[in-house]
Amino acid sequence: MATLKQEKNNKNIKLSKVDDEKKEMLELYKQMFLIRQFELACGENYSKGNIRGFLHLYIGQEATGVGSISCLNDEDYIVTHYRDHGHALARGLDVNRSMAELFGKSSGLSKGKGGSMHLFDSGKKFMGGHAIVGGQFPLATGLALACQYKKTGGLVVCFFGDGSTNQGTYHEALNLASVWKLPILFILENNKYGMGSSIDRVRAGGEDFYTGANTYDIPAAQVDGMDVLAVKEATKIAVDKVRQNGEPFYLECKTFRFVGHSLADGQKYRNTDEIKEWEKKDPLIKFPEWILSAGIANKIDLEKIQEEVNHKVEEAVNFAETSLEPKISELYDDIYKLD
Amino acid sequence: MPEIVMREAIKMGLNEALENDPNVLILGEDIGAYGGAYAVTDGFLEKFGAERIKDTPISEATFIGTGIGAASAGLRPIIELMSISFSLVGFDQIVNMAANLRYMSGGQIDVPMVIRAPTGAGVQLAATHSQSFETWLAEVPGLYCVCPSNPKDALGLLRTSIKTNNPVIFAEPALLYGIKGEVPEEYYEIPLGSASVSKEGEDITLLSYGAGMGVINEASKILSERNISAELIDLRSLNPIDYKTIGKSIKKTNHLLALDTSRKNGGIMGEVVSNIQEDFNDWLDGPIIRVGAKDVPWPYNKNLERAVYPSAENIVTTILKKLIKV
Amino acid sequence: MVKEITMPSMGADMTEGTIVKWLKNEGDKISKGDKLAEIETDKTVVEMEAYNEGFLRKISASEGSSVKVGKVIGYIGNMDDDIPEISIDDQSNEKIIEESPKETTTVSNEKENSKKSSQVDISVNSESIRIKASPMAKRLAKEKNIKLSSVIGTGPEGRISKDDVNNYIPGPTLVSSSDIVTGKNVYLDDSDIPLNSMRQAIARVTLRSKTDIPHFQVTVEVDMTESMKMREDINEDLEKKGLKVSVNDLILKSTVNSLIKYPKWNSCFDGDKLIAHSGVNLGIAIALEQGLIVPAVLDAQNLDLISLAVKSKDLGNRAKGNGDPLSNEELTSGTFSTSNLGMFGTHSFTAIIVPPQSGIIALGVVKKEPKIINNEIQIRQIMYATMSADHRVGDGAEAAIFMNEFKQLLEKPSRLLL
């Protein structure tokens, strides 16, 4: 199995289509920055009591979500786990309505009935946001079956965490995807901890997962999940393979969350040194650093983006705050489809 | 009117759906090459091909979920479980995913899917293969749940189950696959949420569904020898429940005995009876009696197994003791 | 000699059977081979036959009870045979009927077509406390303005069913002669008159009373002149308070005082002893539309004449449905009774003792008659009182002495005020 690495200072990459490249890089930066700011705002509003229940923040993992989703088209489906804000925003779900959903307002994506773990946008083929660990695997295989059957050319990206690989449905889905040759890209966001359980405590087979795809005859690769360009490149290769062969692919992204599992997490299970080590690889520091040092864009370009994003997030929070609560009469809506 | 067995009626319904709508698929263990554990899909693989008739690995959670995923992307899959007992393995997908997707997404996603499964005990398959979980699944908002007791109802209900854009649990009483009945040749449907009065009577209403219909039928014959005329109601739909039909009957007979086909404890009739006594209290001339399987795991031994389930005689004795004095 | 009817064995492995239904009633004539009852075993329901001829004297195991094979479920014999006491180690586990005067819960069953009347007698000590009625019956009773306490329930466990309420017929009313129309060709209605449950209960109780209790009568002639005068005087004063003492109230007071003096007649026969009571619960026979009841004024020994008058009036009102219903205690725990037909002009009559009491005084009209007093003919108010007494409790002399006390109290009524 090849391990892809990014070459930062390879001038060969940069020579052609400079403007396109600038646009592309800034877009990647913008998306990651948006996610970062959005998540910080969520954290703040959670402590204020505007967001309740469970809140799982994507801080630190932005490069994986943004890098991978940037390779998808409109026919492709996305399913993910409960740490889904990053994927939602990378997919382009409405920022205002996302925040409103977290606030539980009727203007939210799911009319306030889903919450943080259940962001959906069927128009953008973003099929959630799932709270049951491993519950999304069969949904992914089903969506992939539909793509295959209807011959849409679309594929399914299924995001999951290291903890979910011990759920039965993980193995069942890999098996089924392989046997039925389903167009599905499994993307493991390996952040080393399933809530409070480090991999070594709960998994037989070591710290690397991609080799396990071998068992199911699924081609696999591993990539540095903190490097957005590496992720993007790896995903592109994977996506092409899936589309061409109509078969599954498994991509392991090694990443890290800088914050606790959820807002309630005191993080007793890992030490601050480890966190500090990983924070040095923060894509929101490293990537703009590289953009500047590679001369792709300048500080003003970045600041402009930052201002834009901050404004956007502020707007989203305002929108959420001023939106109305759902009426009690809506309790019985949307349980069944009226035929 | 032609007479066919219930298995045949279900097969007819499936065949019709596969012929009329290219989006219909069937997924399940051994439904293709083997022809189906209860021979319902026999011949389908040859007729419709492997793309549409898909043998799955033994992964209930995943193939049920796959059905859900496919449905949410616009297909109309029909999942066949080899036994409703195996729904336990995929319960999370059925209850948390299929039933909730629409609600959690605020109405964005539909799950037009049918899960068919044989249900019930009676052939000495012991504790893990003899259950009737349609009663548990009936409780879940977001699912519909039906259980026919005869070929005509099976076909009529299957048509509406496939047609609706909501997930349906279609429980097929395993003991009744071979039961014969008349099925109209012209097209007909039976709406979900409708009970039927299978026999009219004056003195007492006997309510059951699925395999329980045979028992109350027998009980009604014994009662008629004592000049007690029983009205029989087939619930047919466990979610939604047709309280209107039941209530109308109570107003006529003023007595009700409800028979669960599952264990009495936790059976769906507990719900039915509780609502009936509340809404039709002034029409009750005696307590409502509930009967069901005993609260034991299903045993293998023949006589023990038979003893778990109430007989028609048990029912009659209870009626005479507690409800009606002749 | 009665013969036992026992739970038959209907299969090698049968150990006990449940009585689903009695097909004959107590008192029915039984021929050999008649089907007596339906018995349920754990396999099926079987009809059991009578092996003896006679009358079904007693059903000792009720419907629904489980009885071990070989144990007694009833008695068959002649009408005048004694029925043995049911022993305590009888294996019936539901509703054992004990042949003691205190608790007699009769459960009788009739033929399939006719109305059932299995309810407890309200004029006898019983264990029924709560009126059981189905929700529908309650609603119908309310709609038809029928007092549930008047309806006898024939459903399982004595429940009042909708049929019981629908079939409830008030008994024949007492018709005064002026209502009868005389005409040329009078045709009487020759259709059957159905008897309501109360009438049937009265029939059972009176028959039993007459069968079980050896009645004898003692009649006294009571000169009520002084009592009537005293009553007039008292009532003049009481009128202002809205109170009134009736003739019957004087009679009641006299009865109570006599019982206090001769408490034997306030007791109940119980085989080898008399069960004495701590109070006098004086029963007053009251005729209702649907039949006769004899509710009691409780602890009358503690009441003075006026209180007794108030209470007896209240009792009468409530019996007729005005006010709170009569309590179970009032209906069933009388210790001695009186019955007054004076308002109909009756000269005298004999009443039937209400079991398990020991006596009852039947009173006739108070009427002017010429009597010889001090060798002169005077017009006096005369009333005839007849006591029916239980000979097992006391003899003629004792009854005579008791009645004499009763008479004396009324003839010198100032003592009634004490």
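Each chain carries a letter (A, B and C) given by its place in the written order, and its residues are counted from 1.
The criterion applied here is as follows: a residue touches a chain if its C-beta (ideal position, glycine included) is under 8 Å from a C-beta of that chain, and two chains touch if they have at least 3 such contacts.
All of these numbers come straight from a predicted model, not from anything done at the bench.
K.L.:
Which chain has the mean of its C-alpha atoms lying nearest to the mean of all protein C-alpha atoms shown?
P.N.:
Of the chains present, the most centrally placed is B.
K.L.:
B-C versus A-B: which interface comes out with more C-beta contact pairs?
P.N.:
Top pair by contacting C-beta pairs is A-B.
K.L.:
As a quick test, compute the distance in whole Å between the mean CA positions of chain A and chain C.
P.N.:
Result: the chain centres lie 89 Å from each other.
K.L.:
Just give me the whole-number Å value for how far the CA centre of chain B lies from that of chain C.
P.N.:
One centre to the other, that is 57 Å.
K.L.:
Chain A to chain B: how many Å between their CA centres?
P.N.:
42
K.L.:
Residue numbers of chain C touching chain B in their complex, please.
P.N.:
These residues of chain C touch chain B: 18, 20-21, 40, 44-45, 63-64, 112, 116, 134-139, 154-157, 159, 161-162.
K.L.:
Note which residues of chain B are touching chain C in the complex, please.
P.N.:
Residues in contact with chain C: 254, 281-286, 313, 317, 320-326.
K.L.:
Residue numbers of chain B touching chain A in their complex, please.
P.N.:
Touch list, chain B to chain A: 25, 51, 54, 56-57, 59, 61-75, 77, 92-93, 96-97, 101-110, 141-142, 144, 163-166.
K.L.:
Would you pull the chain A residues touching chain B in the complex into a rising list?
P.N.:
Residues 77, 108-114, 118, 120-123, 127-130, 132, 135, 137-147, 149-150, 168-169, 172-173, 175-176, 179-180, 333-337, 339 of chain A touch chain B in their complex.
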